[in-house]
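Common to both upcoming complexes is chain A, partnered first by chain B, then by chain C.
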Partner chain A sequence: MSHQLGRIVSQILHRYFGEIVQNVGYDLFIYGSKSINMIVKTTGLPRTRIVDSLRTLLKFDLATFESTDVFVNYKLLPENILLLIRYPRYLLQMKSKYGSEAEMLVEELLQQASCSATVLIVTVMNKYKDDKEKNINMINLKDTFISLVTAGYIQQAPVAELNEGSEAPILVPVETKVPELDLRDLMQAMANNLADVKDNTYWKVNYDRFHLDFRDDLMIKAITRRIDENAGELMRLLLEQMYLTMAPWAAESCPVPAVELRESARRLADRPLLQQHVDQYLRVIEESGGEFVRRCGDAGGGQYAVCARRAAERLLEALLDHCVTERLGSKAHRIFRLIRSKKYIEEEDIQKNAMLPNKECKELTYKLLEEHFISVQPMRKAASAGGTAKAIYLYHVKIHEVAHTVREMCYRALHNVISVGAHMRQSHARLLDKQRRVRSIVHGMRVRGEPQDNIDDVLETLTPPELAAVSAAEAKLRTLAAAEIELDRALFILTCYFAYPR
Partner chain B sequence: MAGRGRGKVSSSSLTHDQLQALGINRGDNTPQVLAPPPLFPKLEAKPLPLNCDAATDYMVIVKDQFIEYLHESPAYVKANTRTDGIERYSDKYKLLALDAKKGKILNCIWDNMPPELRPHAGRVCVTARKRKLNDPTDIAKRLQTLEKKETQESADVDMETTEANIKKENEDNEEELEDEQEPEEEIDDGTDYANNYFDNGEDYEDEDDNLDDGPVY
Partner chain C sequence: MSESNDDQVTEKILNVAKKNPKGISDKDIAAAIPGLSSAELVTAINKLLQQGLFDIYNQGGSLIYRLKSQASKQAVKGADNEEKVVYNLIEEAGNKGIWIRDIRIRSNLANTQLTKVLKSLESKKVIKAVKCVNASKKKVYMLYNLEPDRSISGGAWYQDQDFESEFVEILNRQCLRFLQQRADKIKNNPRGPIVGRTQSYATAAEVQKYITDLGISKVKLEVEDVITILNTLVYDGKAESSVYPDGSKVYRSIESLITPPGLVQVPCGVCPLIHKCCSTGLITPQECKYMSEWLEQ
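Coming up: the complex of A and B.
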């Protein structure tokens, strides 16, 4: 709940839902929890607009409500607003893992926020039925939907329950049951009007499942880069075993006997090296795999546990290292690493151990201190004999606090990126609009098969200087968007770290 | 002794020795800078280039599509635009586009929403009935008229007058209702789906006022 978070949240709301929702959202962010009447008072917006914005916020799960006996209080969920930026990543994950049908389903579901299975499938079907390239059919869509539900990417939306006395419902999460969809019903719904469909089970995207995927990918990728692909594959097997026995966000998994791992490795036909050397690989991962895996017993040929929390910490440390290197250079990074490995260290020892010239070392240390990457703990010697009580200054790294600092940095950078993008879009609005119009006209002409000369005529309405300006602006916008995605990756590592309680 | 020594240290700033330990020599004191730092400081290190692969391109496109979809959908809340009284050629098209959007309401699961957000008429009747019953003077009046009605049952003429009374009273009630709805109409600007539905917040205001007067003992 920091100032930077408020700024970025309001910026995101502005980009996705417009100015009014931004005002309402920011108002809710500042005051915590509020009723409609209070929002009307502080924002000075017309009541209907506020109602509209609250509907939007509630629909996309960006706010919750809570009813007292007199009125209903609304509360913003800033974490979910930040997830709006991650939507493209979810879709990419779906496309690469389950193919384009899953992607279409999840995309539609993200757009609708929550809807019933029938409506979802029929809308996707209607949307793409003319598209010959996609070539989708109802049976495949239905099967994909069911497999997504089984895998937990889609879950049942909470159900409203009326409580006595007040009219506002209370949303109760329900356990997801794999639905049985009848193909005949779906066909009928397709033929008839969608409004008549009576399907009261609503579904929504389960973000957490995606986050687990991202975390696993991060861990596997880290091991792969550190050791080799076979080790990465073994890490995947370990994680699979972990899911069988433990809650997915548990700090440490149950011990997995090496025998089981050997058996599941044997099933992988394409990795003969891994099959031969499972034990050796396990040992290498344990010893130099960044403490992702811990050997915790000798029974059954050795037992191994996945330390997810430690892994998150290590990933965070890598992120912090990267941050320090890019901001202050590799020498500062050396000092940072040194302080972290020594826990508490005096200034003179930093100079000795970092092997840097005295002055430069001090300068960098103070710079690190200034940017809140390290902290200092003064220790006074009690009752020293001389008149000047000499104090010792111990430098150390408070990982949790540094993580907060870096998160604030990310928020600030994200805010800057989005606002620069918005400004750029606004200042080139006319040109971008024109370009889009030309494109759509040309597309229409191509479809109709008009002669090339006419198409060229239309294309020439964009003059060369205009074209240059537009393409420069577009390139910049693309860079900004890519930066946004990268920042979101960094934020994901940070949230992963914060997901494990200290 | 010790206490005095400690007090001395804490009261003054760093001693010469300490300053030297921190790496500040006598000549090192830089002149004070009084100007505010620049709004956009120069980057000391050039940031790394972003990797632009197919996956990033795909994500950028998907993001833009999603934003576009939201801007077209009723989730994007727009203020009612006021015209400046000058007719323009483009007005026709703009209005057409606006009208197409205006009729749409956000498609939500209304059961999961608090009642004050649902686009639903007919709740006014409920509140009105409640209000009639709640008002004790109103009940007393009604009882009186009914009593009168009972006692004067024999006389037809009287009966008519009481009936007239009741009618009149009903009208009064309706007038009251209308009064209550008036401010709401001022707030609502043109959209009709939410017109008769919302509690206009007067109750809340009243209560608030009472609270301001002080607690009731």
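Coming up: the complex of A and C.
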């Protein structure tokens, strides 16, 4: 709950939902939980507007409510608002794992926030039925939906229940059951009006499942970088085994016997090296794999546990290392890592071990201190004879605090990138608008089959300098969008670390 | 008594003294040169003492003469008593040197006098002052012909008390190159990952040999020196170290666990003004020069 988080949250709300929702959201962010009357007072907006924006926020799970005896208080969920910029990644994940049908379904569901299976499938069908390239059919869509539910990417939305004597409902989470969808019902719904459909089971996207995928991906990639692809594959198998027995976000998994891993490795036909050397790979991952895996017993040919928390810590450290290197140079990076590996260290010892000139080393140490990457702990000698007792200054790294610092920096950078994008879009609004209009006109003309000369005439309304300006602006906006996604990746590593309690 | 006879006696005494570096007594001389009268002995000894070739000690009531070493003979030539005392103290300290304050305390000389003595000894090139690398202001004195100890000079990394950062930098890079040449051996090694990992490891001795063969260092580098360099690589996060069963340290070049994160790909991540950047005011993202330069690329 920092100032920077507030800025970025309000920026994101503005981009996706407009000014009023931004005002309401920011107001809620500042004051914590609040009732409608209070929001009316502080924002000065009409009551109906505020109710509308709260409805939007609640619908997309960006806020919650809580009823006391008299009031209903609303509270913002900033973490969920940050997820809005992660949507492209979710879609990409879906596309690469389950194909474009899953992507379409998830995209629609993300836009609707929550809806029933029938409505979802029919809407997607209607949207793309004219699209020859996609070539989708109802059966595929239905099957994809069911496999997504089975895999946990889509879950049942909580159901509202009314308590006796209270007007405000309570949202109760429901256990997800894999639905049985009848194809005939779907076809009928497609033919008739959607409003008549009687399907009361609502579904929504399960973000957490995606996040698990992202985390696994990070771990597997890290092992692949450190050792090789076979080791990465083995890491994937280990994680799969972990899901069978444990809560996915557990700090450390149950021990997995090596026999089972050997068994699953045998099924991978394209990895002869891994099949041959499972035990050796396990040992190498354990010894030089950044402490992702721990050997915790000899039963059943050796038992291995995945230390997800340590892994999150290691990944965070790698992130911090990159940050320090880029901000203060590789020599500062050396000092930073030296201090971290020695836990507590005196200034003189830093110079000796880092092999840097005296003066430079001091300067870099103080810079690191100034940017809050390291901390200092003075140790005064108690009651020594004479006033000349010198204090010892021990430098150390408080990893949790540094992670906070870097997260703030990420928020700032994200805010800056988004606001620059918004600014640019605003300043080129006229041109971008014109281009869009020309494109739609041309598209319409092509569909109608009008002669090429007429189309060229329309196209020429955009003059060459205008075209150049538009394409330059579009290139910049693309860069900014890419940067946004990359920043979100960095934020994900940080949230992974914070997800494990200390 | 003729001159030549006198010289013969002194020469004989000197020979005896050279054979017994711990010192000789009157009896030893009498045994070595029979038929020497005590008067002759006294003249000879006096002459030698005058020349400053002997030190005279009182041991258990009898006098012991000890031959001074060649260097000390030179040093005290024309020196007064204070200089001799100071010289002895410095000589005792060996190649570790001695701090001026310790000389003062142990010699009981006044500050001004001591500085004068030290200056005169220094001008004669008998002693030299060496700056200590650990404490830049602390000067220690030692005999002119001695090589300062590692703890004083800092070893191979220092030239005239200045840290040679370029030298360290170059060695750092060369060591990394050597490790990187082997790093790929672990990837998809047909003989299994453990063999691969062993092949990608390099011992400090191997690295030292490589560096010596390259001939980039004028100074002879010991294995310990190379280990300090390799350790900086470990702190850089570019290498990891492990220990072989026989106790020797081995090193392997590694890559970071993640690719450069998004934070350092945008200008804000490396911007020195990030903490001063606000929505309004002089520094704003819209007006940011770094941002627009980055987008122009």
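Descriptive notes on the structure:
Everything below uses one rule, namely that the second predicted complex is superposed on the first by the 501 of 502 C-alpha atoms of A that agree within 3 Å, B and C clash if a C-alpha of one lies under 4 Å from a C-alpha of the other, contacts with A are read in each partner's own complex, and residues count from 1 in each chain.
Following the convention adopted for this analysis, a residue touches a chain if its C-beta (ideal position, glycine included) is under 8 Å from a C-beta of that chain, and two chains touch if they have at least 3 such contacts.
If you're wondering where the values come from, they're calculated on a predicted model, not measured in any experiment.
In the superposition on chain A, A:Asn358 contacts both chain B and chain C.
Of the two partner chains placed by superposition, only chain B is touched by A:Arg49; chain C is not. Of the two partner chains placed by superposition, only chain C is touched by A:Leu273; chain B is not. Judged by the touch definition given at the top, the superposed model places A:Lys367 against neither chain B nor chain C.
Legend: residue contacts after superposition of the two complexes on their common chain; A:Thr479 is shown touching both chain B and chain C. By the touch criterion stated above, A:Arg327 is placed in contact with chain B and with chain C alike.
Once the two complexes are overlaid on the shared chain, A:Pro158 sits against chain B while remaining clear of chain C. Contact with chain B, but none with chain C, is seen for A:Ile20 once the two complexes are overlaid on the shared chain. Contacts of A:Lys434 after superposition: neither chain B nor chain C is touched.
Across the two superposed structures, the residue set of chain A contacted by chain B and also by chain C is 326-327, 358, 479, 483, 485-486. Within the complex formed with chain A, the residues of chain B that make contact are 2, 5-6, 8-9, 15, 17-18, 21-23, 44-45, 47-48, 50-52, 55-60, 62-64, 66-67, 69-71, 73-80, 106-109, 111-117, 187-189, 191, 194, 198, 201, 204, 207. Listing the residues of chain A that touch chain C in their complex gives 7, 218, 221-222, 225-231, 273, 276-277, 280-281, 283-284, 287-288, 290, 314-315, 318-319, 321-323, 325-327, 330, 333-335, 337-338, 341, 348, 353-358, 360, 406, 409-410, 412-413, 415-417, 419-420, 423, 476, 479-480, 483, 485-490, 493.
Against chain B, in their complex, chain A makes its touches with residues 15-21, 36-37, 40, 46-49, 51-56, 58-60, 65, 67, 70-72, 85, 87-89, 91-92, 95, 107, 110-112, 114, 157-160, 167-169, 171, 202, 326-327, 329, 347, 358-359, 362-363, 380, 382-384, 387-389, 391, 478-479, 481-483, 485-486.
Within the complex formed with chain A, the chain C residues making contact are 134, 136, 157, 163, 165, 168, 172, 186-188, 190, 192-194, 197, 228-229, 231-232, 234-237, 240, 242, 252, 254-258, 260-266, 268-270, 274, 277, 279, 285-286, 288, 291, 294-295.
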